[in-house]
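Below, each structure is written out as structure tokens.
Here come two complexes built around subunit A, the first alongside subunit B, the second alongside subunit C.
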Partner chain A sequence: MSLLSSQHRHVALALAEAGSVLRAGQYRTAVTRAAPAQKQSQSIGGVKRGRKEKWEKKMNQERAQRNRDIPKFTRYPESKLQIPKTKERPAILPEVFQPGSGHSLDLPLFGPSTLTAKSVGQATSFGTTQTNAAKVFGLPNKMHFEYRILSTPCSVIRDVTLKAIHTLDKAKGSSSKDHRIVLHGRAGSGKSFLLHQAVQYAQAQGWVVLYIPRAVTLVNSTNSYAYDIRTQTYLQPRASYLTLDKLYKANSALLSQLTLSRELVTEKLNIPAGTTLAEVAQAGIKDKSFTSGPVVLETVLKELETQTKFPVLVAVDDFQALFHNSAYKDPFFHAIRPHHLSLPRTFLEFASGQRTLANGVFMGALTESDTAYAVPLELKDALNLESRHPVSPYDKRDQVKLGYTEGLKGLKVPERMSTNEMAGLFSVWKDDMALTTDKYDELFMSKYVESDGNPRDFVWKGLLSTLSP
Partner chain B sequence: MVHILGIPLPDNYKAVYALTKFYGVGAKTSKRLCARFQIHDTAKVGDLSPFQITSLASFLSSPSTAPPLPRYPLAPPNFVPPPPNTSSQELLAKFKEQQAQTAEKSDAKKKKWADPLNSLKVESELRNEIRENIAHQRMIGSYVGRRHAMHLPVRGQNTQNNAKTAKKLNRLDRW
Partner chain C sequence: MSLLRQCLRRAYTSAAAGPGAARSSPLDTVRTTLLNNKNASASAPTGTSSGDRGSPRQTPPSSPSFYTTRAVFYDQVAQLERAISTANHALRRAQLLPLPAFARESLPSMQTVWKSKEEMTADFQTKMTLSRYRKVTKLLNELNEYYRIAETAGVADISQKIYSIVSLFESAKKDAYLARGKRKPVVLDAYGRSYTVGKRKTSSARVWMIPVQQPAPPAEDSKAKAAPIPMTTILVNNIPLNEFFPLPADRERITRPLKVAGLIGKYNVFAITRGGGTTGQSGALAHGISKGIVAHEPDLEVLFRKAKLTRRDPRMVERKKTGFAKARKRYTWVKR
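Now for the complex of A and B:
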């Protein structure tokens, strides 16, 4: 029979465990130290008669109260706190919850064999090779958080996935002027996931892929910038360098089969014509001062525009951020327009058709959840998007930005997932042991209805935030 | 660690915050300074290039004598840049020529943009200005001057109980 109640025992053992991390002597002295002697108070400058005694009494009362709140077992020695019958540590978690237990979802791989009409509602996992686009380019924030919780990066095949894949297949071999697609839909409806699926499919099919998961980082003044008199724009050296590096890492095999048609001569570089694009990219990456990044990236992109050997996919998430005045300021303290920044200008030119890929597709995805960079009026006009408030024809639209929206085609991601698709999403979290209940039908139907079929709300506000037993 | 005008700026500080360590530079002025030298919002002092640091230091040592900011051209949507092997010095020279020509032709009546940073005073200059202001108030025999001399509050605060800061800091030779 233990001297302590079970509750106190658990806390004591937790303390003991924590103590065992420190050196033994250190913990023991902390536990067995005697209560401090009562302090004598000292007054400076003299006080009224009787007040000093009052202070001292009050201070001692407070000290006693504080000591009463601290449980006694914090002053017991370690030996007294062990479980009487065994010396074993208690509360061993099941093996599956131990770190490094190796539990992972067993899902088919995302690819042509799993992208059929029959597999709508089926969850598929993505490859985890080093050159995978997700690993190299990164992911949008919310997807990243989700994949940190899940044991395997995966997603559900939807009707709209097959539509997007079909668009990519149709566009293969033709110019990107006719294939500039923007994914739009309600917040949390799955636009970023769909764009990611398209990127994965393109990479698996041997396309050259340039994926920007967070275009907002190009306009929110988190990267260095410097005015360049030749291009008459503000270059973004570090961002260009990183994009070039990622483009090379994700597509090195394909880039080594493409060559430079014209020599590249700058102050620092002298690359002859005929060099492979992989070597050109490496030359830009070698310069750790980032100064060659923008020029080399532009050269590589220009070559990718003209070549027809491999189809190219330029995918930009947070696409609406490129239509906002950036957070950068020019020397006169005016906000820099997006088409005066090198990287946003590049993507705007691809989106508007001013620059075209001879063989490729431009795909953008809007983000409805970012209040700082909301979807602007110009994009809403171009894509015929619904607006919460009535839109007046007298509201000012920027003509330059409107120019960059010419010819954009919208692909709406449905607001609601079908029951089939939602069941697939539910089974992912169920199999990954994220649910607190075994009443699956009840949980599924209630959360499906509560979230109105919205995938993000279903997962984050439904499954992961539920307190239902 | 960088020392500008004798003020140490640790490398891990964000540049926008670090510049407020100068006496006379607050958050507003710091943002304008960063914009002038093309320092982005999240840049740390350790990430600044030597050129940026030296230009910051030379500017802050005398903001009023800094050269006027050139208005570089910004590319319109249909702009086609010259090839990469074009020398930037040539382009700069061309730009300066154009500026000189437009300066000749420009209307004299047109108001020139007043750079708020030109009237910036930092460190010793600002301290001198404050000292001169207090000395002037004393010289003309004003109430403000008298209060400074008596180490008492200047702006009409109560002195029955609190006036501790004034008694400590208000003096004629304040800085």
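Now for the complex of A and C:
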């Protein structure tokens, strides 16, 4: 085959991709017409018997192989491509699948009216206002991917949801020292979703909410860091700035009702006592160099600790990452410990009760799926978590980290979703037209068994990974 | 009087008596004689006098084959031939012989397994060579044919007596031999569990299946929630299915037998898998589950056979051959 014809074929491929099948076909036919006859190999000086035929056969095979890469439809006539195979199932998508069709799930709103014992197994959607915690703070990775596919952000009300809500209601008005909860359970059992539901509930009930959906970003050296002599910790200016910004955006209405008790004086700022926390936050946000971020955030958090007007929820997902040595390096190239970084230190102190919210709750959720930041032994001891392998008492436990696990209470998310709850989850995906089959009973039962009641496996490796007709 | 004359006379008398009469004598005596000959020693003839050499014998020898080398053997063979003859006459009288071709073809098979040559040595008190063995088995086969006819016809008196003779020569391993190649039926244990083994490539799976305990039906009180749907739980090496098999393809392969039978949620499965990799172990587990389902629901056997679920996948890794890079992959062809 000459080089020219191969160029022609490349052009044909490129045009086919662009969608102009007709022209590609023309090029293809042109190429076939211009294709030379079967290559005859010539032997110089004689070749062993049978070699010539072998060579020719091999060349023909290679030619067939090369041509196989080109899609068959480039060789079809236009008429064949236009007619769909059957009249019942035309080759055009139904209207609902067309972009801009406006299809979305019709679900009740997540709120006090839908958080009842009767509504266990019912899917509810979250609000889509600009100040919604999900919009402002963001979401954990896996939840984010799921909501990208679903038409409406939603979740299923479970028994544990009601338990967590009840815990929040009980803790309202009391110190966070007695209410430091860590959600734990099997990988994919719904800890992040549950934490998110708690955050949404708290926000709806008028709490001040500080939600960190991916705490691993605070320790995996994706944010800038600088040593601060005053606090003797490594500050994370950008991360602090962004956290402050989000805290303000999500709770601006409530923060504007709280005031500074002591004045704040720094190199760049001079904020008198009595200014609203909203204004203080705005002052910090105005400084785009991120330098004021850490200081202002600390001030705001200190005020939130002492005030009792509004309950505060500090929710941290990927909580176990705060117990790992970070990926940052100090000048001696040692890994910086998490309690030497400003933001992780803050959350660790809230978790351990060294800093308490006069009116509030600290809630953390573990992530079992991250192998780089696995659940450490200290947390496993504190929360009495089950271990697949026997744990030796001789394994080293960091005493400082153990100190930060003091007083943590675990809330176990059940390993299996009940069939009722799973049916609700199934109906979400069914109504969003994500299923390939209409045999719903069989699909539901088989996928439940295959995933052993694990919600993530049920959705991602069950419903969305199957090609069963 | 010779034994032969005795036989003929008895046959004559029984023939005179007509069909239906008690014909116990000939075949029964054959049986007892066979047993006696087996146990008796061939060397010592009865009734020899240890008297003077010169004096004639007082009593004749017990059997006509006394002066042959293999007395017991010939005796036994004679008895068998007598039995055949008697049975033939009995069946003729019962108008079961001669049997038309279509009837003979419709007879159910009653395959038997005769004793081996070594085992027959004890019966015949002589080394059974192949030719002697073939002679004996030929007679036995003919007798077995008569038994087959009598049994099918339902003439219990004839068939039982023939069987009493035939059973003397049947191997103890008859059942095992006849059941060779057939699948052993799976029995449920005291708790209703089935234990089956599945195999694929080099993996094997030992599978225990037990029906899911149905919850008690809800009381008439309407406040009680509807009973939850019973669900199958599959544990592989004590690990839940979704943790042991992360690939959706493997998981679907395992639940396929339950889906085909429509029995998802009916049985709990516990399995121990060994050997091979993920695909092999998932295939072995599916095979074991299919067999377990057939054990619990025998009606589904035909369906499963049609769906090739109970079939042990015979595909194994092909060996590497000389002159090839792998089983089929050839080395790069070099022109020069």
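The rule is short, and it goes like this: the second predicted complex is superposed on the first by the 378 of 469 C-alpha atoms of A that agree within 3 Å, B and C clash if a C-alpha of one lies under 4 Å from a C-alpha of the other, contacts with A are read in each partner's own complex, and residues count from 1 in each chain.
Criterion: a residue touches a chain if its C-beta (ideal position, glycine included) is under 8 Å from a C-beta of that chain, and two chains touch if they have at least 3 such contacts.
Fair warning: this is a prediction, and the values are worked out from it, not measured in the lab.
With both structures placed on the common chain, the touch criterion links A:134 to neither subunit B nor subunit C. In the superposed model, A:418 makes contact with subunit C only, not with subunit B.
In the superposition on chain A, A:301 contacts neither subunit B nor subunit C.
Contacts of A:223 after superposition on the shared chain: subunit B is touched, whereas subunit C is not.
Look at A:328: by the touch rule set out above, it reaches subunit B but stays clear of subunit C.
When the two structures are aligned on the shared chain, A:164 is found in touch with neither subunit B nor subunit C.
Of the two partner chains placed around the shared chain by superposition, subunit B is the only one that A:339 touches, whereas subunit C remains out of contact. Once the two complexes are overlaid on the shared chain, A:58 sits against subunit C while remaining clear of subunit B. More residues of subunit A lie in touch with B than with the remaining chain of the pair subunit B and subunit C. Contact residues of subunit A toward subunit C in the complex are 51, 54-55, 58, 418-420, 442, 445-446, 448-454, 457, 461-462, 465-466, 468. Contact residues on subunit B toward subunit A in their complex (touch as defined above): 31-32, 34-38, 40-43, 47, 69, 71-75, 77-79, 81-82, 84-86, 88, 91-92, 95, 113.
Subunit A meets subunit B in the complex at residues 220-234, 264-267, 295, 298-299, 327-333, 337, 339-340, 345, 354, 400, 403-404. Within the complex, the subunit C residues that touch subunit A are 228-229, 231-234, 240-243, 246, 248, 251-252, 254-255, 258-259, 262, 264-265, 333, 335.
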